[in-house]
Amino acid sequence: MGFIIDATLIAFLALIAISALRRKRLFGMVMLSGAFSLVAATLFLVLDAVDVAFTEAAVGAGISTVLALATLSLVPAEEKPHSIAIVPAFLALTTGLLLSIAVSDLPEFGAADAPIHNHVAPEFIIGSEEKIGVPNVVTSVLASYRGYDTLGETVVVFTAAIAVLLIIGGWTRRETETAESTEDDHAG
Amino acid sequence: MLHSETLIYALLGLPLVASLGVLLLRKWPNLRDGQAVLIGLLTAACAIEFFARGADGTSLTLLAMTPSLSISFTPEPLGLLFALVAGCLWPLATVYTISYLRGVHEDNQTRFMFFYAIAIHAAMAIALSGNLLTLFVFYEILTFSTYPLVTHKGTEDARQAGRVYLGILVASSVVFLLFGIIGVWVIAGTLDFTAGGILAGKIDPIYVPFLLGLFAFGIGKAALMPLHRWLPAAMVAPTPVSALLHAVAVVKAGVFTVLKVAIYIFGLDFLTSTGASEWLIIVASFSILAASIVALRKTNLKARLAYSTVSQLGYIVLGAALASPLAASGAALHIATHAAGKITLFFCAGAIYVAHHLSDIKDMDGLGRRMPITYGAFALAALSIIGVPPLGGAWSKFMLMGGALDGQHMLVLVVLMVSSLLNLVYLGEIVLRGFFAPAKAGSVADGGYAEAPWACVVPLCITALISILLFFSVDFFILSFTG
Amino acid sequence: MQDDPVIRVIAKVLIPTMMLFALYVQFHGDYGPGGGFQAGVIFAAAFILNATVFGLNRGRHVWPARLNLLGVALGVLIFGGTGVATMVLGENFLSYNALSDDPIAGQHLGILLVEFGVGLTVAAVMVALFFAFAGRVSHVRLLNKTRAHEKTLAEKAKGAAND
Amino acid sequence: MMHHLPILQVIVPLLAAPLIALLRGREIAWLATFIVTGVTFVISLLLYYQVSESGARLVYDLGGWAAPLGIVYVIDAASALVLPIVTGIGFVVTLAARHLVTAEIDQRDHALFFTAWLLTIAGMLGQVTTGDAFNIFVFLEISSLSAYALVAMGAGRDRRALPAAFNYLILGTVGATFYVIGLGLLYMLTGTLNLDDLAVRLADIEQTRAAYMAMAFIALGLFLKMALFPLHFWLVPAYSFAPSAVAALMAATATKVSVYVLVRLMFGVFGIGFVGISEGLGTVLLTLGIIGAFVGTLAAIIETDLKKLFAQSSIAQLGYMAIGIGIMTPAGLAAAFIHLFNHALMKGALFLAIGVIGAQTGRATMRTIEGAGRQIPMTMTAILFGGLALIGVPLTAGFISKLYLIRALLESDFWVLAGLTFVSSALALAYVWKIVEAAWLKPRPEGAPDLYETPMMWLPAWLLVIATIGFGIFASPLINGAVQAAAVFFGGQS
Amino acid sequence: MTSLLAQWNYFLVIILMMLGFYAVIARGNMVKKMIGLNIFQTSVFMLYISMGKVSNGTAPILTGDSSTVYSNPLPHVLILTAIVVGVATTAVGYALIIRIQESFNTIEDDEIIELMDDDEAASEGRAS
């Protein structure tokens, strides 16, 4: 059962990914990428990661798409045609191959006796109830056990805002001057 | 009674004081140059005192980077001999320099005098250095401080020559010498100059020739062929530079380093027992003969002297490579005898230039009759270089030959003899032409008595006399490197 | 879009609902899926919707730039401040136990605070990002329009001069 | 308070950043940043003192959760050595930023600029102090994201800063993602993210293919981040088009931190006993290191733009660090640490000095510095000393680096490699000489703008030059520190 | 084969990863690179979430029933962080793309490289 749902979802994802990357019009590409995130969110849901699914839907399908669309309204609508690049294709295949080698060695998918389910993780589940008193274990790990990571994550978001403000200057602060000076350059 | 430590400070510090004095007194040329001569005399006195007293094992550490790396000074006989040579010739050269610079109206005299003193400081530090690292640091300082002197004229030629000079010296030292030093440090765990060497028993004999090669070619100042090109190139410099630096301080710093490495790093016994220096004997012999032959073909006086220097430096490297105590003593002595002789020759060349603006041998026919004192001194010095008694050079050459016999290197004997013959030809030609060739009509040589200014002539007379003195008092200058 | 009455009405209904939902996600994170980050995104989405429907200028009026930067920074500071507070109270950085005599209550309070910090930062950042991008877009369009206009004016002037 | 030092080291700049974002005046933004970097510098010195005094490692449980449940901060001899480099350079470069940023960045951006600036520093510090593998990733991203923005700020003078920043972003993210993949595999094998716990549990399980691949992916990701040849192509444009102050900060610290993280994971987690480390990684590092050393040096020799020249030279210098690590002995690792430390000082000094010229002429090229030796003697002398240190002239810190690197190579019988390393480092002479020749031996070209300098401009570079010479002369503390740092990975564990 | 089947989820994820990675490193349109990056990262997220899955487990929200099997929460937490980091990177990337379009009037890799070379030549021409 799980096999069929997962396999279908991932196959669907692969289909979306391929058609997104083959598309010439960027708009379609962005839209398919949003769809990719939505399907991925579904997959996360199937894999018991409800919080992740929620976030992926909001971020991947939401924020990322909005940002991409805003970008698209300023850039050429179509991609220049490219032939398959040999070296990158080779690199990507090698990476995939290496990972496959690694993965064939790993504990079986879903195996309850895998190390990751027997070290640290059980303590989170017990601790979440006894020491923190929060039923959502993800929340207790996120905000308490690994709260410092979350502080880091918040700072990353903050950094992104600072970076974007630095790069595209937020509101129409100084564009007029820049535009005028570039026009002067062209004139001179 | 002075402490040895005080003397070390004095030898290192006095040239620095002189250089500072030059800077401070730049507005008053007479004071500027006067203090340089005075301090030079003081330095010479200290050097003589120190040499006479001999090394007493005093060591002075200025900076310690790590327990095994430091900037420290440990005088020993060979170093004191070099210090003596440099220290005594410095004041003479300074007097001569002042007269020369003023005689030919050079610009930037203050800069010249400043770097001149700095170079002597570096040479003194090399002489007294207690380990390879100290030696290397001051070796580089010597290179850089003499660069402005070589390019003093500021012409495109001078700059080009400066590039060759700096290029060869710095590149060889940074690539080979430094690597050799690090190699020694890794192998022996120390860089201190130690009697009997520090490498014996610590390194596989197979690697010794290689390591020796790093030093032989890393020490570009020894002008071993094919790294000799900088020396003739540096002859664009004013003659006092050629005289002091390229007959005494710079080139002697090179061969001094070679000797010091052979004696105190490798150890003569170790070199002989491993036979690691055989190849160096051949290279040095080749350098001796090849440079002599090139010298024959040069008609520019200074260029000929430069190649003569290359050839003579080969003697000293040869002495180190022969690795017998007698040869090493001979090589050490040759530092002194050749310095006295060659500085005289350069002084003479400079005197001729100051008096008559001549630099080509072909124009000097009959000039000896106008400048008898200069030419007399020249003849004496030339004989010393050739190795004719009763002049200093005879002893050192004689000892080198003895060293070659010790090691059964018959071929080296032949090389030394042939080289002496060649010396005779290329140096003798100048003297003979000067005294006996008829002066070409209308040339400068045609005229009455006309010597260079006294301040040029007096130093060259003194140095010529020193050459004679060296023959008779040679006992004082023979160092023993047994063990 | 701004003139379509249907959209405007739907938006007027939708926006408050979204905000309520955001608050729910924010404070219900302990019990179900959700938390500061997701809430922040939804909250921001409400503002973004407001701005797209009623125009950027009005959106900016509702949430001025200065306030935005303040929100961005304040969220991080609340999170970090919670950690500093636990330090002042004698425990390690982010040890919520120090916030109350009862460790569990302390943990609750701590999680509440930091989730609020996360939510505030995320909401403010998302809005800031949107305004930055959208502002750039509308600005560049405006600029292009002015340039084109100037160009035609110049051509006209040229034509007139030629006549 | 002393007990909180490990966390204060990171959160002081981290939480100061949002406060500075709210400041308006440009002077005050700089001043606040300057004070904060000063405080972090003091904290790192205190930490170094604490660690070297007691010889113990400081462990700080964040959130009060001990490892492996929570995230811990660990200060041992290795991190205590790297922290003062990052904070010290950060402090000095911030001092210089006052005039460099004024000259190159629009003044309305100053508050945001310094916010990003502090975030980069905090991110780097976080990577060094943390004892948690995933936390490294988070802080890596903090420092990287802000660095992308800082590099892009160079667009005010040269538009090429933008593609440079974009490529940096793409490759940086690819590197970070590789790291995350490797970490995922590792996590799957062990069930933990704590570095010490990982080391213990990895030793228990057999050496599986998955473990090798985890190592390979982590190493690859970090190779990208540290710009090891041939994954270095993002570095030169990023450094050369970035604003001068940013170039100085990044060139001196960013790649070094990645080198440190590589060492921390490879030796601290997998350990020297892991076959893939001793045989695989060692060979790879030695090979890539020496090729990178030659490629970087030769590229630097033909380069005419000074920023690019020294960026290329950084590739070479990273090669030496890679060689030091690749020797796989305590001596080699100590040499790598020594060079990491010294190179940060030299490159910091060089980029700051170049910045003085760049701030006036837009770009510092061989032509703009012709005859500059007389006009801006202090600045050019700083470049000279930095260059001498790069060559490895005795009495500079570079000599100590070279000495210990060659020694480590010879002790492990890498004779040929030692020779090659030596020759490539001596080749640095060629590009340093080019600069000396242009600055002192050529006259100032007709019509070239006059350059000027004030003490405030050359002082920061000189502080680092003095440090370079100081550590070249009084090298023992540094050498001892580096030896202890290396011992952490050879003696302490396993 | 048994192991292949037992790890089917991972292998499928790897294929997605290769697709995304190729799009990132192949020269091309910058927006496409960002989307490739997105796919690449999302597939890594899937790798993590896959490993957190326990057969017959449920989402790690405590039910109070002691017999419930929960999936591992830690990968979820890590990926939450990673998603946020990802979107932060994406935002910065798009911001850069917008500026690149304005400055170079193209967002194609190879064209920009050419333009950059032109700039280099121009600046050298100006210098000499």
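Letters A, B, C, D and E name the chains as they come in the text, with residue numbers starting at 1 for each one.
Just so we're on the same page, a contact is a pair of C-beta atoms (placed from the backbone, for glycine too) under 8 Å apart; a residue touches a chain by one contact, two chains touch by 3 or more.
In this text the structure is predicted, and so the values were computed from the model without any measurement.
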(request) Would you mind checking the shortest number of contact hops between chain B and chain D? (result) 1
(request) Tell me which chains count as touching both chain A and chain B. (result) D
(message) Of the chain pairs C-D and A-D, which one is connected by the greater count of C-beta contacts?
(response) A-D
(message) Using only alpha carbons, which chain's centroid is the nearest to the whole structure's centroid?
(response) D
(message) Please identify the chain with the largest separation between its CA centroid and the CA centroid of chain B.
(response) C
(message) Suppose each chain is reduced to the average of its Cα coordinates; what separation in Å results between chain D and chain E?
(response) 26
(message) Based only on mean CA positions, could you tell me how far chain A sits from chain C in angstrom?
(response) 20
(request) Between chain B and chain C, tell me the centre distance in angstrom, where each centre is the average of that chain's C-alpha atoms. (result) 79
(message) As a quick test, compute the distance in whole Å between the mean CA positions of chain B and chain E.
(response) 69
(request) Mind pulling the residue numbers of chain A that touch at least two other chains? (result) 50-51, 55, 59, 63, 67, 70-71, 74, 99, 103-104, 106, 114, 116-117, 120-121, 124, 135-136, 138, 142, 144, 146-150, 152-153, 155-160, 162-165, 167-169
(request) Mark out which residues of chain C touch at least two other chains, giving numbers and ranges. (result) 31-33, 37, 69, 72-73, 76, 80, 83, 93-94, 96, 122, 129, 132-133, 136, 140
(request) Could you list each pair of chains that touch one another? (result) A-C, A-D, A-E, B-D, C-D, C-E, D-E
(message) Using the touch definition from the top, list the residues of chain D that touch chain C in their complex.
(response) 4, 7, 11, 14-15, 17-19, 21-22, 60-64
(message) Under the stated contact criterion, what part of chain A meets chain D in this complex?
(response) 98-99, 101-107, 114-121, 123-124, 127, 144-149, 152-153, 155-156, 158-160, 162-167, 169, 173-174
(message) Could you list, by residue number, the parts of chain A that touch chain E in their complex?
(response) 2-3, 6-7, 10-11, 13-14, 17-18, 20-21, 26, 29-30, 33, 36-37, 40, 43-44, 47-52, 55-56, 59-60, 63-64, 67-68, 70-72, 74-76, 79-80, 82, 84-85, 88-89, 91-93, 95-96, 99-100, 103-104, 106, 108-112, 114, 116-117, 120-121, 124-125, 128-129, 135-138, 141-142, 146, 149-150, 152-153, 156-157, 159-160, 163-164, 167-168
(message) Looking at the complex, which residues from chain C come into contact with chain D?
(response) 69-70, 72-74, 76-77, 80-81, 83-84, 87, 91-97
(message) For the complex, give me every residue of chain D touching chain E.
(response) 134, 137-138, 141, 145, 148-149, 152, 155, 158-160, 162-163, 165-166, 169-170, 173-174, 177, 180-181, 184, 187-188, 193, 304, 363, 365, 367-368
